[in-house]
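This is the structure I have questions about; it appears just below.
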Amino acid sequence: MTALLALAAAAAAPFVFTSVAHQSLLVLIAINVILVASLDLLMGAAGLLSLGHAGFMGIGAYTSALLVFHRIAPFVLALPAAALAAATAGLFIGYPSLRLRHHYFVLVTFISGIILTLLFTSLVGVTRGPMGLPGIPFATLPLPGGVYTFNTFQSKVAYYFLALGLAAGTLWLRGRLMRGRLGVALAMIREDEDLAMAVGVNTHATKVLIFVVSTGLAGMAGSLYAHYTTFLSPETFTFVDSFNLFVMNMLGGAGTAAGPVVGPVILTVVRDALRSISPVLAEIAFGVFLIAVIAFLPAGLVGALQARRRREA
Amino acid sequence: MQFLINATFIGSVYGLVALGLTLIFGVMQVADFAQGALYMLGAYVSFYLTNLAGLNYFLSLPAAMAAIAGVAVVNHLAVYRPLRRAGGATTFVAALGILLILQNGALWAFGADYRLIRSPFGDAKVLLGDSVITYHQLFIIGTTALLILAVWLFLQRTRVGKGLRAMSQNRDAAALVGINPDRVAAVTFALAGALAGVAGALVSPLRAFDPHIGALVILKSFAIVIFGGMGSISGALLGAFLVALAETMTAAYLAAEYADLIAFVLMIVVLFLRPQGLRGRPVAL
Amino acid sequence: MPVLEVEGVTRFFGGFRAVGDLSFVVQDGEILGLVGPNGAGKTTAFNLITGFLAPTAGRIRFAGGDVTALPPHERARRGLVRTFQNTKVFARLSVEENVRAGCFLRIPGGIRRTLAGLSRREDAALRAHVDELLDFTGLAAQRRKPAEDLAYGDQRTLEIAIALGAQPRLLLLDEPFAGMSHGEADRCMTLIHRVRESGVTVVLVDHHMATLMRHCHRLVVLHHGEKLAEGAPAEIQRHPKVIETYLGRVADA
């Protein structure tokens, strides 16, 4: 029920906040929701900390951008291709590393993120490296009347609805995955992996599965991002960005239903507000914020709220 | 031969930072990413002392060590100690937070312009066969060797140093025999901070720097520590040299862009083949 | 028909031989005790049988099939389930959710159910299984409590309930009486008897020689990783090698 209300509010938002700056923010929030929801599948559901998530977003972004730029595929195919590319990378990285103990896995994800950033920067022939990749074509949708182009320079509203739709879909998928058999397996892995194995859970296969789904969704978000900004640079997909996603997830509340929405909404807005005052101070504030959240609100805002409600009950 | 020379002096710088990292990890089980910022701050302290205060470059080195040691202790008191009970992943993230705060603080305070200190040796160099080594590079190698020796003596001969070693082996037992864990922790952080700070100060005359230099160095040092074995001093130093050598050779034979990657590739390889690192003790599965 | 056949199982850790040429059989429907002092290799043997360690040599056959190469979750799927020495439950989940987790293998899967959820009948069936287990183990009254809030004895009971959820043919219990008072151990043993009566073969590993002697049909005594003796409690009591190991040289008269 609250989900429907939230969705209605989200749909109404671009008509309430009509300035270009605000609508731009809305699109970014929607994309961040996809990213954080996908990260939460790892952190909240399975208890797997991943510090390289932005790297997978980058894979999706560059894949989609290059496919459409070089006229190899239209947007409708490039988006799923981006998700597939990121998911494949997730498979290569996840399959061996999920056999290791958890903190080694965390390290591998962190370093994978670094390596991906370095690859985006150094494969200049493909990605144009630090010079950036400009002129990415807008997203297009083949409709009965003709091809519709999401010209995000003219209007952000249509693209917002595209992103909102995918975000809602992602949240729905996440909800479904966390219920039922897979959700039980993930909770068992999160709480005690050995015990999970002892009662029949193939923990490795389950972890790889959720990792592939998570990275695939991040790749999809990357594609959305690329065709929104029409310009890509490796600077967007660094460990700082992975870090920011982590903070958003933690602040909202890992594993909670509303967390992946609350976190991105608050932090994207706060960040933007701080940045307009002073970009450097914004980053400092962010860092302080993060440490405060880890220290005082480990369950996130939604988690803390739930805990208080349980105690009063 | 030139490779070995380059590897030695680059490895020296990495080694100093890696040494601090591995000490902190061995004693506190904390992956202190903030060391990257300390490295960067060391360079800035040296810069301001020599360029603005007119201090002799050589004197700015111990000054940087002292100042950065202080910063490290503040980090410990303000962040790591209160978070002591939280998991390793949490402190790791907190460390990243500190790095970002300090890095951006430096951006705000010092600006984003590149700075450069002129080396007191100028461009003087020595020829060894057909290889070149500058006086400054020699100075770096020499100073590092001295510092490593000093650290070794500290750990072997002094009471606090022995306490540090005891704590890295068994924290509870050390506390039981009267070693003050808090004091040892503060000393460890101060020591690691001093090492990172002086590394930054040593490097500052080599090339222009800005507040972002810490990030890549700490990432590589981290990879080195894992490669060499977390908590192992010999591993950190050996790892630093090997990685520096690999970097130099990659830059020469492949492409300069890939040199930065090699440290991480080595780290991933070691994680899959021998997770405890070159010189680490096997971890229970 | 033997449920479990351990054949010539050996395990080295570097140069140290933890288990050496261990062979024994577990008969269907019995309660077998694995005894031995600390360091005798009981835990290693346990981990080898359940798949948490791979043997250096030897075979393990379960219900007629060779399981030596199978990982723990595959063995569980065939009915070989274990508990752990250090109490392992899903701490932050409720008692009910813990038992439901134990019933993992009974939850129907597939893409349709992932996207649309279980049918009402499937859901009710699952709920019935969980209720049955809660009643069987006497934990129904505490079903909503977080597992970490349970008393120690109840947590150990919960462990057994979780294991039963996997519908084992053979249940291996690792030191089930550790840290229990006599009363708690007796109650636990009563539960174990009822488990056996429901058709599950049980293997117990423990130090409590006396308890195992009283309740097990047969015992396997380990020493330095090797089988010292195997047989009914009465035989073991009189076995010269056992007496020598536990009590020193046989005294005259």
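Each chain carries a letter (A, B and C) given by its place in the written order, and its residues are counted from 1.
Note that a contact is a pair of C-beta atoms (placed from the backbone, for glycine too) under 8 Å apart; a residue touches a chain by one contact, two chains touch by 3 or more.
This is a predicted model, so every value here is computed, not measured.
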Worksheet, complete the sentence: Output for shared partners of chain A and chain C reads none
Practice prompt. With centres defined as the mean of C-alpha atoms, identify the chain lying farthest from chain C.
Written response: B
Worksheet entry | Approximate Å spacing (C-alpha centroids) for the pair chain A, chain C | 43
Discussion item. Can you compute the centre-to-centre distance for chain A and chain B, using the mean CA position of each chain? Integer Å is fine.
Written reply: 33
Worksheet item: In whole angstrom, how far does the Cα centroid of chain B sit from the Cα centroid of chain C?
Response: 49
Fill in: Sequence positions of chain B contacting 2 or more other chains
none
Worksheet, complete the sentence: chain A partner, complex, touching residues on chain B are 79, 82-83, 86, 88-90, 92-94, 96-98, 100-101, 103-105, 107-108, 219, 223, 226, 255, 257-258, 260-261, 264-265, 267-268, 271-272, 275, 283, 285
Practice prompt. Using the touch rule from the top, collect the residues of chain A that touch chain C in their complex.
Written response: 176-177, 179-182, 184-185, 187-188, 191-192, 194-203
Worksheet item: Which of the residues in chain A end up touching chain B in this complex?
Response: 49, 51, 96-97, 100-104, 106-108, 111-112, 114-115, 118-119, 121-122, 124, 239-240, 243, 246, 278, 280-281, 283-284, 286-288, 290-291, 294-295, 298
Worksheet item: How about chain C: which of its residues touch chain A in the complex?
Response: 50, 52, 71-74, 76-77, 81-84, 88-93, 97, 100-102, 104-105, 107-109, 113-115, 117-118, 162-163, 165-166
